[in-house]
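Next come two complexes, and both contain chain A; in the first it sits with chain B, in the second with chain C.
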Partner chain A sequence: MAKITFITRDNETIELEGTSGSVMQLAVDNNVAGIDGDCGGVCSCATCHVHVAPEHQAKTGEATEIETDMLELNDYANEQSRLCCQMEISEELDGIVLQVAESD
Partner chain B sequence: MKKSKLPDPFAAARQTTGLGKMDDQNDPVTMVLGLKDVRKCAHAWKAFQSGATPGRIVVPSEVAIRTTRQIPFEVDPPEHKDYRNLVEPWFKRPLEEEYSAILSQQINDIVDEVLTKDSVEVVEGFSLRLQSRALTLLLNTPFEEAETWISWGTHVFRSHGNDLDGDKANILYDYIDKRITQAIKNPSNDLYSMLLQAEKDGKKLTREEVKGVMILTFAGGRDTVINAVTNSIAYFAEHPKSLEQLKESPEMVNNAVEELIRYFSPLTHMGRVATQDTQVCEHAIKADSRISLCWASANRDERTFENPNEVILDRKVNPHVAFGFGTHNCLGATHARQIMRTLLTTLPKKVKSIDILEYKENIEELGEFKRKVGYDNLTVQFNKK
Partner chain C sequence: MSDNSTKNSICVVIGASHAGVNLAFALRKEGWEGEVLLFDKDPELPYHRPPLSKTYLQNEEVNLLKAEDSYQKDNISLNLGVSVNSINRENKTIILSDGSHQPYHKLVLATGARPIIPPIPRIENAKNLYPLRTAADVTNIRNAFQNSINKRVVIIGGGYIGLETAASIKKLGGTVTVLERESRILARVTAPEMSDFFMKLHSENGVEILTDKNVISIDVQDDVNTVNCADGSFYIADIIVVGVGIRVNTELAKEAQLVIENGILIDETACTNDNDIYAIGDCTFHKNPHYNRFVRLESVQNAVDQAKVAAAAICGKKIIYNAIPWFWSDQFNVKLQMVGLSEGYNQLFIRKEESETTKISLWYFKDDTLLAVDAINNPKAFVLGTKFIKDGSKIDTTKLIDASVLFKPLNLLI
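Up next, the complex of A and B:
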């Protein structure tokens, strides 16, 4: 079981718990505003873009090359960016805080 | 196992110059072939615009047969966003439970029907009908309207031996005109009525703007969906085990849909017009000349996709651009994905195998390239479970 907190663009805090599947799916299942997951998690739509709070980056690890390539041209991407469909829920993620990224 | 293959004609050019050349009605097109270059050019809307003369970013160009600007497709930021915001929620309706339940019923019915026949010509007899019926849901118009759209045949803009058929296009434009007039007189809950009520900058959309959205909705969602569905049938005909696999592992459906759409890339490419002298892949592009973003080539880019020419139904990481990239990414993608997900859920439950009886490939001529995009016709027998 991992507790995962989302902060939406309107600064709403949503605390969720999950055991398996992707972080994107957890967000979509719980209607977290701004996480649409259009492509269902294959890393093709970037509608699951989040910023990981720096103190939690050790838990989530770095974005993969496919993710950084996807986000390379995104005006709201930075070193904290992840596409959360590429993050598998596990105990290790317990306690992380994810800010839903802005989009055009 | 060859009939369902879609070869990649772009590989050599993609690996050398990264570009292709084609003429189109004396308005040549430089095709951008690599995934990263396609993304870059799609992102660079100031240098490569969509808001050129209506019809010019389409290849083959529709400048000679259309004056109505398609919206939001032929509009650049920031205005693009205003239009997009107006229509975006409507085009997300396919996610609603009632919508997907009706779609599921529609697809169940048509699969049941083809299973009773000895032979079915898939393009007209299955895909066009499925696509047209599903479009009544997206437009929120009566189911019977589909019969009219089906009667137009598969090529509203294209007929044989004549790439751009003005008369055929007029059938669609006249039809849309009539429906707009009707919606002005008797507003309902359909897309026409929604658009007629919508406001941009505090002003109601004009009739021409409403027409621009409607033409695009009909045109953008027709051949693309028909090819995606037809090609899927050909694929499953040659891969009956995949049907089995999808039945046993329904959680695979989403990955399978994305993979088939990557592999089929039903929209081969889309143009842009350079607003200034510039460069792509170290190649000079003159102001007011055309480039195209070749989604089909980008989706086979070996630098990103392992075994790009294989269909790997459970491909997990699949950053394809079959629905475009960035600003103009496909507005109909939610609807198209819902159709494909429903199809890939329904077929495995009911169909044991599919036999291909006869087929003729639809090959696009793109200058130095010939690309198979689907079938002119595909006759099969569907066999019951």
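Up next, the complex of A and C:
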């Protein structure tokens, strides 16, 4: 079980608990605004972009190459960026805070 | 509406897949206060279709488009397992299969498409023959596969559905043969180089792909099918999957005398020739302003983007549909991402990255205008291609195909 907190673009804080699956699916299942997951979680659409709080980056690890490539020209991407369809829920992620990234 | 309030209005949506569901939620985002009713004959909670031929065949977990309680939270009435018989434009009602009438103020057709079952002699007798479009189709294929001892699967059609299904079934341990009528696979949508790449990929993974195979009849004996081709060859199949294309569901629209061309004709705001009826997704024939021609697209991107445009229009705001189409496919360990429409290209440039994994991108040009990019294991090419097409950038093709030139926009522009 991992507690994962999302902060939406409207600054709403949503605390969720998950045991398995991707972080994107957890967000979609709980209506986190701004996480669409249009491609269903195969890292093809970049509609699940989040920023990991710097103090939690050790837990989440860095974005994989496919994520950074997908975000290559995204104006809102930075060092904290992840596409959360590529983050598997595990105990490791317990307590992380994710800010939903802006989009055009 | 004269008082600008939508409180007492009803928006009815026929079809609850990517287009219809996204539209319903987009209506709420745009401030629609009236009723929203979704109808679909599929009894399953709306789900993602692209994974059906990919992961869903393998792991049985259907990906829902939205959580079940999301519909309630947004006050969207989801009516599943219900067919619509007709539209009465004069009375502004739809008539359901149980004979009841549902009034509307705004109607959205998100009726999609259905798989073609070709008129092959004796196809109706075939054992374990399925198309692949719905969750139920996949459940049928999976059950037949699990119950089959020999697990010999013949796939008719070497398009994306056929090839993705072939890869998924191969991973499950079946013997897979793909029969393609044309002289190469993916002939309708890509360059010959792409066909070659995917032929090789499948062959390396033990899938047999045969081209120039026109299926002329199917025979059944002792629950085993024999698929006969025009050249005299035949193939034994315990299971047959048909992936030869789709037919657009335009019947309701046609009977209601809406204008149909290669799909339901809509304008730049997704409106049909009736001001109160919109159409979105796979069923539409619409103008793509970037390519300046009318197209019909089978894609999640088109469904989602047209849903947003229609929702805005229904709420009295005008957004013009102006998207660059994009698609994806996953087969074995290969990720294919495509952007743009390559039709009409007269030059093709291929870039191969210096990398351990296969990373190739195909760049389709008409003269010096970039039309489309197919990116194999190369999201960066997909992202750059999207930007270049959107911006109408002129590209230095010598640098483009030189893998030692770093893949950054400024390095590649003229």
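Just so it is clear, the second predicted complex is superposed on the first by the 104 of 104 C-alpha atoms of A that agree within 3 Å, B and C clash if a C-alpha of one lies under 4 Å from a C-alpha of the other, contacts with A are read in each partner's own complex, and residues count from 1 in each chain.
Everything below uses one rule, namely that contacts are C-beta pairs under 8 Å (C-beta built on N, C-alpha and C of every residue); 3 or more make two chains touch, one makes a residue touch a chain.
Every value quoted in this text rests on a predicted model; they were computed, and no experiment measured them.
By the touch criterion defined above, A:N30 reaches chain C but does not reach chain B.
In the superposition on chain A, no contact is made by A:E15 with either chain B or chain C.
Using the contact criterion defined above for the overlaid structures, shared-chain residue A:E79 touches neither chain B nor chain C, since it reaches no partner. Put simply, more of the residues of chain A are touched by C, taking chain B and chain C as the two choices. When the two complexes are overlaid on their common chain A, residue A:C39 makes contact with chain B and with chain C alike.
In the superposed model, A:E88 makes contact with neither chain B nor chain C. In the superposition on chain A, A:D104 contacts chain B only, with no contact to chain C. With the contact threshold set out at the top, residues 38-45, 66, 69-70, 72-73 of chain A are in contact with chain B in one structure and with chain C in the other.
Per the touch definition, chain B reaches chain A in the complex via residues 36, 39-40, 43, 77, 81, 254-255, 257-258, 304, 315-321, 323, 326-327, 329, 333-334, 337.
By the touch criterion given at the top, residues 25, 28-31, 36, 38-45, 66, 69-73 of chain A touch chain C in their complex. Interface residues of chain C, counted against chain A in their complex, comprise 48, 50-51, 54, 63-64, 66-67, 70, 73, 300-301, 304, 328, 330, 335, 337, 378-380, 382-384, 387, 409. Those residues of chain A that touch chain B in the complex are listed here as 38-45, 64, 66, 69-70, 72-73, 86, 104.
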